[in-house]
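Both of the next two complexes hold chain A, though its partner changes from chain B to chain C.
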Partner chain A sequence: MNAALPGAFTPAPSFFEATARQRVQQLLDAGSWREFLPPPTLASSPHLAALDMPGAFDDGVIIGAGLLGAKAVLVAAQEGRFMGGAVGEIHGAKIVGLLRRALAEKPAAVLLLVDSGGVRLHEANAGLIAVSEIMRAVLAARAARIAVLALIGGSCGAFGGMAIVCSLCSAVLMSEEGRLGLSGPEVIETVMGFEEFDARDRALVWRVTGGKHRYLMGDSADLVEDSSAAFRQGVLDCLGSQDTAPATLASLRATQKGLRARMTRFSSCRDGSEVWAGLGISAPQDVPLLERDALIGLKKGLPA
Partner chain B sequence: MEKLEFTLPACAAPASRGFTQSFALCGVVASGNLEVLVGAGAAASVCEISVTTSARGFAPIWQALLSEFAAQNPAGGTRIAINDMGATPAVVSLRLGQALCEYLGAER
Partner chain C sequence: MKLPQLLDSLFPDGHAITVSGQTITGTATTARGAVAVLGTTEGAAISHDIALTLAEGILDTIAQYPGRPLIFLVDTSGQALSRQQELLCLNGSLGHLAQCVDLARRQGHPSISLVTEQAVSGGYLSFGLMADRSYACTDAQVRVMDLKAMARVTKIAYERLAALAADSAIIAPGADNYCRMGAIDAIWEPPLAVSLEAALAEIAASKGMQDRRMAAGLARGGRQLAAGVAAAVLAAS
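What follows is the complex of A and B.
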């Protein structure tokens, strides 16, 4: 953006703290970003207006095209600070349109910078339909052998419908700060009670949904540091190794069998640390404080 | 929610500062925050501002703050749109300055 003052200390930009617009700028090759439907092209959410609430010019998501390592990519980035990155009708339609465009343009990948609590409840059925349309569009893109990568490293993590969307992607990349889970911590506590899950215990929340746990469980293909540069490198590594072959019935059945076995194996666990002990980690209590590289090494040494 | 419209006299932005972009957007619509979108306006001598705010009853304060902004900045020839969720006047001034600087391609 602006040139730093000479001699000024400039820390590596944090992905977690950046806005959606900053993340896109930092992730892509300099000057390559081209936004689709930039403000004020679109109207703000009519549903929020009906509820007498101000909307955002981009409805909380920006979409566009750019280059990453000179490879053409399409990108959608959710703004977690606007209504928790929740998916409304216009927000969802923008992501669906981007994924459909990928079918025609055949980019090297579609990158979804997810930062969302899920569906925007204010928009009710329109929001739910939007999320299901995103799911369908992700699967259509993957069926056309286009890699769809979910990058999770924002303050809202990826929950609800957007967690399902992430799980449908070709691969998920997370930072330790990122979280992935179907029901959010507060939802579990509200429905099942404080005894089941204490949503105020942030360390517990991260031990159950955080990037390190998801990486150890194999739900996240890679664990990256909290910087746009690290996510950028993660995407490049992933594009080099990504198998874009669409899922077959046999591969889906195998995945389903694996998930069922995992559920049985860890069904009695009450905490991420118990799961890590079950994976064969001798000092699970040390995992939350491990550096990223040490954790990668730890996972490589685990029994298969 | 309240919608407010202002057309305020303002100095034209110096022509030497070539517009580097068609619009500039600063801030996020979040509690105590706002987003400011700056684009080209109709007349060089005025700054047109439309505000959508979640807080009702603050029109006089918007009028005072925006008049001062238009009088003290080269905001002529711009059209500014604001989505606000209860930002304080200090935050509004900060975002307006930020967005105008970015739009004019000036160094902060």
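What follows is the complex of A and C.
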């Protein structure tokens, strides 16, 4: 019963549903992946053990080196199935170490496959400080003209401190299923109430934090289909066109101006569909239904 | 300490500081020369507007006063919690602020953050924790989440977390824990001006822009794994 029916349509493997290891294997050139500190090199988190919580030898993130389109890349992939991909002491230090290693190895890019709710509460202080260290390490890599790309398409999205990390990267690539935001909808609902943000309204959550919205607003440089092959092509396109120049006073002035302008322009909006109408999209209600290619075309046709 | 007293204690030689809403901007005189002062007060929740106002203050300082030190006064309850803020990618504005602090460092501006009342999560990440050195006033609160809320979210008994907090710096709120873990360099007692001048002198004498926090956490015993793991990644074949 496990054999596929003859002639049955076989969809591309979903990036959203894949494990961190599957994502890395599918993303990179076949046979090129080399994991650093593979299980069981490191002990699992003693902080989780102290709370009788199960640990993992990779602490929820795998790191290593490989080739993508024959270009050398360093990769960190968070495993959303372990503690929601949350950053603890070991988890964070692995990513920091990888980014520091990039300074010496000068890869074509560091790829961060982000799938995380943010700081791991069970090691809260260590997690928060680790996120800050990742932030500094991303910017140090970028200052050395190494591209750092964030790929967001996992089941946990990119939230909390990891969302700030994403915004520091050279570019963000998202799938429609990807979500990016600082506070998760559940947190906002818990603190501010159901009327402020109904976290169970999945369509609303996607209109506020999802890949299509972030792409239309320019917070994600590209929108890709939900497959490792599509993310792979997105990275290749990015590496071909990416300007690796680090931030300058002029570039941050320009960003500042853009962020101020859009804050003013969209200050009364509370739903993605209102923003899309403001961007000049004539049928914003159709955006959630559009295929990826149609949405790319729609964005290209928008007034500047 | 209320903000006016705090400013007088930090800058007895004079200051010209404006508080607009919960955002602090201005300049002050120290024994080591003029400094830019930027920050937040009354437990501000960092919004797009606050992040961009602070970022603008940093960019203006870089443009107009090369090398002028940046003093960040941190009193934040975290990030603004609203759908409207998230809709416009709040992480992006906080990231932009963090990038401005980093650019200032690379352009030769020393930076110091001082937690005056409280520092929480994203609000602290966006500027306080980006500074070259971080300090906290006595009694300042630093945390991701208080233990009671943490107990609710993690579904671990509060008593259990409190017992663990007694001998580990990893989960319990407190500036002293962040000090043991390497993120905060020292707790400042009044008179604050003496500590500030010593900190400015220390940064001026130190070399390099490396993040020293893992090594500090290891040396102080509060964070014993991170430095070794990062070093192992660098050495891995």
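Everything that follows uses one rule, which is that the second predicted complex is superposed on the first by the 294 of 304 C-alpha atoms of A that agree within 3 Å, B and C clash if a C-alpha of one lies under 4 Å from a C-alpha of the other, contacts with A are read in each partner's own complex, and residues count from 1 in each chain.
Throughout what follows, contacts are C-beta pairs under 8 Å (C-beta built on N, C-alpha and C of every residue); 3 or more make two chains touch, one makes a residue touch a chain.
Bear in mind that the values here come from a model prediction, so they are computed numbers and not experimental data.
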Fit or clash - chain C, chain B, common chain A: fit
First (chain B), second (chain C), both or neither touched by A:V275: second
Touching partner for A:S44 - first (chain B), second (chain C), both, neither: first
First (chain B), second (chain C), both or neither touched by A:G161: second
First (chain B), second (chain C), both or neither touched by A:T19: first
Which superposed partner A:F57 touches (first chain B, second chain C, both, neither): first
Of chain C and chain B, partner touching more chain A residues: C
Contacts of A:E123 with chain B and chain C, given as first, second, both or neither: second
Chain B versus chain C as contact partner of A:F82, first or second or both or neither: first
Shortest CA-CA distance between chain B and chain C [superposed frame, angstrom]: 13
Doubly contacted residues of chain A, that is, touched by chain B and again by chain C: none
Of all residues in chain B, those that touch chain A in their complex: 1, 22-23, 25, 28-30, 33, 35, 37, 39, 52-54, 81, 83-85, 107-108
Contacting residues of chain A [partner chain B, same complex]: 2-3, 19, 21, 38-40, 44, 49, 52-58, 79, 81-83
Touching residues on chain C, where the partner in the complex is chain A: 48-49, 52, 55-56, 59, 62-63, 79, 81-96, 98-100, 102-103, 106-107, 121-122, 124-126, 129-130, 143-145, 150, 153-154, 156, 160-161, 164, 168-172, 177-178, 181-183, 209, 211, 213-214, 217, 223, 225-227, 229-234, 236
Interface residues, chain A side, partner chain C - complex: 36-37, 41-42, 46-47, 50-51, 63, 89-90, 92-94, 96-98, 100-101, 104, 119, 121-133, 135-137, 139-140, 143, 160-161, 163-168, 180-183, 187-188, 191-192, 196-197, 208-209, 213-214, 217, 219, 247-249, 252-253, 255-256, 259-260, 262-263, 266-267, 269-272, 275
